[in-house]
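A single structure is presented below for examination.
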Amino acid sequence: MAIVLGPNRYGKAENRVVRIHRDTPRHEIVDLNVSTALRGRFEAAHTVGDQSAVLPTDSQKQTVYAYAKDKAWTSIEEYGLVLARHFVEDVEPVDSARVEIEQFAWERVLVDGSEHDHTWVRRGPEVRTAAVTVAGPAGPDDAPRAWIVGGIKDLTILKSTGSEFHGFLQDPYTVLEPASDRMMATSLDARWRFSGGDDADWDAEWNAAYATVRQTLVETFASLHSLALQQTLYAMGRAALEACPQLAEIRLSAPNKHHFAYDLERFGIENKGEVFHADDRPYGLIQATVMHDDAEDAGPAWDSYTGLV
Amino acid sequence: MAIVLGPNRYGKAENRVVRIHRDTPRHEIVDLNVSTALRGRFEAAHTVGDQSAVLPTDSQKQTVYAYAKDKAWTSIEEYGLVLARHFVEDVEPVDSARVEIEQFAWERVLVDGSEHDHTWVRRGPEVRTAAVTVAGPAGPDDAPRAWIVGGIKDLTILKSTGSEFHGFLQDPYTVLEPASDRMMATSLDARWRFSGGDDADWDAEWNAAYATVRQTLVETFASLHSLALQQTLYAMGRAALEACPQLAEIRLSAPNKHHFAYDLERFGIENKGEVFHADDRPYGLIQATVMHDDAEDAGPAWDSYTGLV
Amino acid sequence: MAIVLGPNRYGKAENRVVRIHRDTPRHEIVDLNVSTALRGRFEAAHTVGDQSAVLPTDSQKQTVYAYAKDKAWTSIEEYGLVLARHFVEDVEPVDSARVEIEQFAWERVLVDGSEHDHTWVRRGPEVRTAAVTVAGPAGPDDAPRAWIVGGIKDLTILKSTGSEFHGFLQDPYTVLEPASDRMMATSLDARWRFSGGDDADWDAEWNAAYATVRQTLVETFASLHSLALQQTLYAMGRAALEACPQLAEIRLSAPNKHHFAYDLERFGIENKGEVFHADDRPYGLIQATVMHDDAEDAGPAWDSYTGLV
Amino acid sequence: MAIVLGPNRYGKAENRVVRIHRDTPRHEIVDLNVSTALRGRFEAAHTVGDQSAVLPTDSQKQTVYAYAKDKAWTSIEEYGLVLARHFVEDVEPVDSARVEIEQFAWERVLVDGSEHDHTWVRRGPEVRTAAVTVAGPAGPDDAPRAWIVGGIKDLTILKSTGSEFHGFLQDPYTVLEPASDRMMATSLDARWRFSGGDDADWDAEWNAAYATVRQTLVETFASLHSLALQQTLYAMGRAALEACPQLAEIRLSAPNKHHFAYDLERFGIENKGEVFHADDRPYGLIQATVMHDDAEDAGPAWDSYTGLV
């Protein structure tokens, strides 16, 4: 029985890269938060303090900024893929690389009714995300292969009717009243894994997929008469997979942002779903995966750098 | 020389009120954070623990939720005014009341290209604000009078060109290079004080004023070729006062959200304003007031409850 | 009636300075967040974009870091004073300077029971603060004079008994039950203004004052049987002024961090002040000033850079 | 190829429970943030909106507060175990339960040099954590079994010397200078998994383990002359396993909180590791596991509810 080094990883987190495209008077902005994490043959750094296999996190940062300009890419999935492949293919001790990216949305300012060429306001709270893992050799001919996950987080959505919750299991601690018409709100975190195959198959439809999945999620939330957040999430995930065939699975994490109808009757005021208290904590948290039953194994696709290792 | 009680104030902060209007199938949502603060004859509570003049903060909260339904109002300025007048007029020991409100924006979801009746997504980060103070007797005929401040905060705006900074004062610690073409970004906090007169003069054009001021601020930021953030702020304020005659003054607080051009030349990559690092801290902070030179004294208009007293 | 520039101010906020004293093997750490704000003759920067009177915020930052080493100071009040005097005395267009500082506490790690020479863990959440304003000429012989405010914020303190709340004013919205034994908790923000005179009078007892005031506040909160948070705050302020004669006034801002006794009776479980829900929002907010009745006018002492102008 | 429900989970997150023990005049406080998450036979809720197997998250909340008083427990690991076992054993459709708890530290106020009976101040930023998973039948005789993870997060620790970083791998993007004496700081997140056996084996030494592991981590960080954060983390983990034999493994996640020596030479000021800028982002992030080579498989021990599913 010995004490040994187990799984480990290191990188540079939260590089705040802003890329302006200004080849024409109408500029474009891409506003990102980029994190890198590498796995590989780094035992000596841990056990004897030998850094000879360790590419500094500072070098990873420089690469992130350099590639923002030096490489061609049109989506965060592609940018992450270029970065992750570089670390695996060009840095000898690296066995796998994870690149996670957040993209903050901006919209053009209107001046006299027209979109301005180079001024924007931030639009949130929703944030687009991507997570790319490249590990090698794991592909055909022992080439590295990639797993790509797109996503959206903090998509805060609310419906003021069209939601019920009743018929639930009762135990001695159940005091909740059934509801036939309640407010339903969440701040959705959704991540979708693209089907793989070898890297060459990637068709770079990531931006279109993002638009399709986001719209499908939102439409389904709005349109489905809900009997529970579970049912709504499953329907949203199912609709996303149907709308976007290149997805293998989608994972949804939805805090139930409770809006409690305020008791105004004691003041002689009727409250038919008109005045609510939006509570902070605690909150329900509902999480579900919807997937193709023949989806390829996820491999390291879900191995986020914000986890413990 | 004695030790005495000085200025004091108390209230209930951050009541998270959500008001749904559902008289027709097309619902409306008003999502608010409401804070109240009262001044008055509360010495005994402090000096001898006698609460007989103290309306509990819980009662203030109940009033906030009750009035959300029970009173008619169409803007946060009006809602704040109704609440503040109530506390001054109906609660005997109260001399003045301050109500501050944040309004979170939601936009309707599109389903099959049409706006949905009862589903929205949150839109931010910008937040509309109002601050109403009622003190009395201070108006004509010893009636209470009111001061009303509208505002917007966290309006994050960026321009990728059209901004210079040079010709500045030099001292022994000046190492900054002059810039002839830089990125300029801020997260604007703007608050505008409406001209007063007695309460009856309020014309309830607050929603229109909000739309006009916001658009004017944004257009001016975009259109003005900037020599400094100071110049931009002054022009924004001036344009707002010109566009909205009912304003007495506007105050602007603008963190300079620094975007530093990243040094890629050392890697043989040209960077002509294309790749930036968005830094967190420190940040420049520029604050300015633009006002009519004959504006009435501000009285307690700027006395925010988030200050110390 | 013209539109004019009103009050304005600019500076560099949140410089994260860490100063290590390492003249002996036993190092000392001073961990700060420093913000500067200048007022003066900056009209031309606003109205015509002329920067010739504007010392860049970057130069202010350089000065903050340079003075951390180059000047002798032993408290954040003194450091702020040195910086603020410099800006007023050495930078011609500056009429007044405000320096606000937060100091984060660290405590030495124990190794084999002994304090380590150069390793610490952060200790919070409480943070010491200082705010120094220098304006000139405003002192004797037209020398600049200074106002100094010390403080503590986020001092989170709780007592599980020894607090009542009853006998309060009732209105139609009062449903709160009186309490004869409740939990009382707050996250205190306290700021104390030192008595002035001309600058030479400062006796640099600021560190001792901090220790005395903090301990007095904490002891009074613990010892006083409370009839209301108002009473507790007043007693705390009064005790601080008595313990520390160089104070002119103290301002206290105390959110009432509500802990609601949880209703367990419905499950047949007795709950005599043993299980609480710590709620987030809304919260009561109680603010009070305690002062000497002959205290000199506060001048710009309370003019925080985080306000609007 | 069909679309199906994959892994799913639901619960109530962030119940802010405060438990006061007041059987004697010397009260004790236990301040917690408790989250529950259940897995089981909930397909019908997702696919057809049938809630008959779903225990409401509200009922989970009631149970959390009820058990705070109704059950005997002396550590957060034990409290989590009692809760998780209840959900698995007493709620029929539940196959496994996860309970995660944060414990906020308070220390007694000193009054006249003595610890006060019922008043405390919060002490942070560090937070103790526990994560308990019960799944069944998975133990001997098809009884449910448990996995228990203790931890600490936001342990912010800094050493002003005794840290080097050089001899690292160089690539074309490497511009970092080697350092022979640098500041090293992190905000540590450490989690340790206890060795299992069946539930009866738990010896409830969790509080002692917490104290031992925390002290061991801190002492090792201070004492080891560091050649890299990797080396320091490994040594810390190894020391923890040696000091606390009941641990199977420990996982460490350490942001490298960069403190950059400030360039004062350009102002003629020497800076020998005395003045630093504490930067926010980006930051290095180093993560490592240290384990016994014969440690039992971790099962669901690391399956945090804050992950996606």
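The first chain written gets the first letter, and so on, giving A, B, C and D; residue counts start at 1 in each chain.
As a working rule, a contact is a pair of C-beta atoms (placed from the backbone, for glycine too) under 8 Å apart; a residue touches a chain by one contact, two chains touch by 3 or more.
A quick note: this is a predicted structure, and the numbers were derived from the prediction, not measured.
*Asks:* By that same contact rule, can you tell me which chains touch chain A and chain D alike?
*Replies:* B, C
*Asks:* Where the centre means the average of the CA atoms, what chain is farthest from chain D?
*Replies:* B
*Asks:* Taking each chain's centre as the mean of its CA atoms, how far is chain A from chain B in angstrom?
*Replies:* Spacing between the chain centres: roughly 32 Å.
*Asks:* Rounded to the nearest whole Å, what is the centre-to-centre distance of chain B and chain C, using the mean of the C-alpha atoms as each centre?
*Replies:* The mean C-alpha positions of chain B and chain C differ by 23 Å.
*Asks:* Where the CA atoms of chain A average out and where those of chain C average out, how many Å apart are those spots?
*Replies:* Whole-Å distance between the two chain centres: 39.
*Asks:* Chain A: which residues touch two or more other chains?
*Replies:* Chain A, residues with two or more chain partners: 15-16, 62, 66, 173, 175, 267, 280-281.
*Asks:* Under the definition above, what is the set of chain A residues touching chain B in their complex?
*Replies:* Checking each residue of chain A against chain B gives 15-22, 27, 29, 31, 62, 65-66, 68-70, 106, 109-112, 116, 118-126, 155-162, 183, 215, 218-219, 221-223, 259, 262, 264, 267, 269-280.
*Asks:* Quick one: in the complex, what on chain B touches chain D?
*Replies:* Chain B reaches chain D through residues 172-173, 175, 266-267, 280-281.
*Asks:* List the residues on chain C that touch chain B in their complex, please.
*Replies:* 1-16, 35, 37, 42, 45-63, 66, 90-91, 93, 165-171, 173-176, 189, 191, 226-228, 230-231, 233-234, 238, 241-242, 249, 251, 253, 255-256, 281-294, 302, 304-305, 307-309
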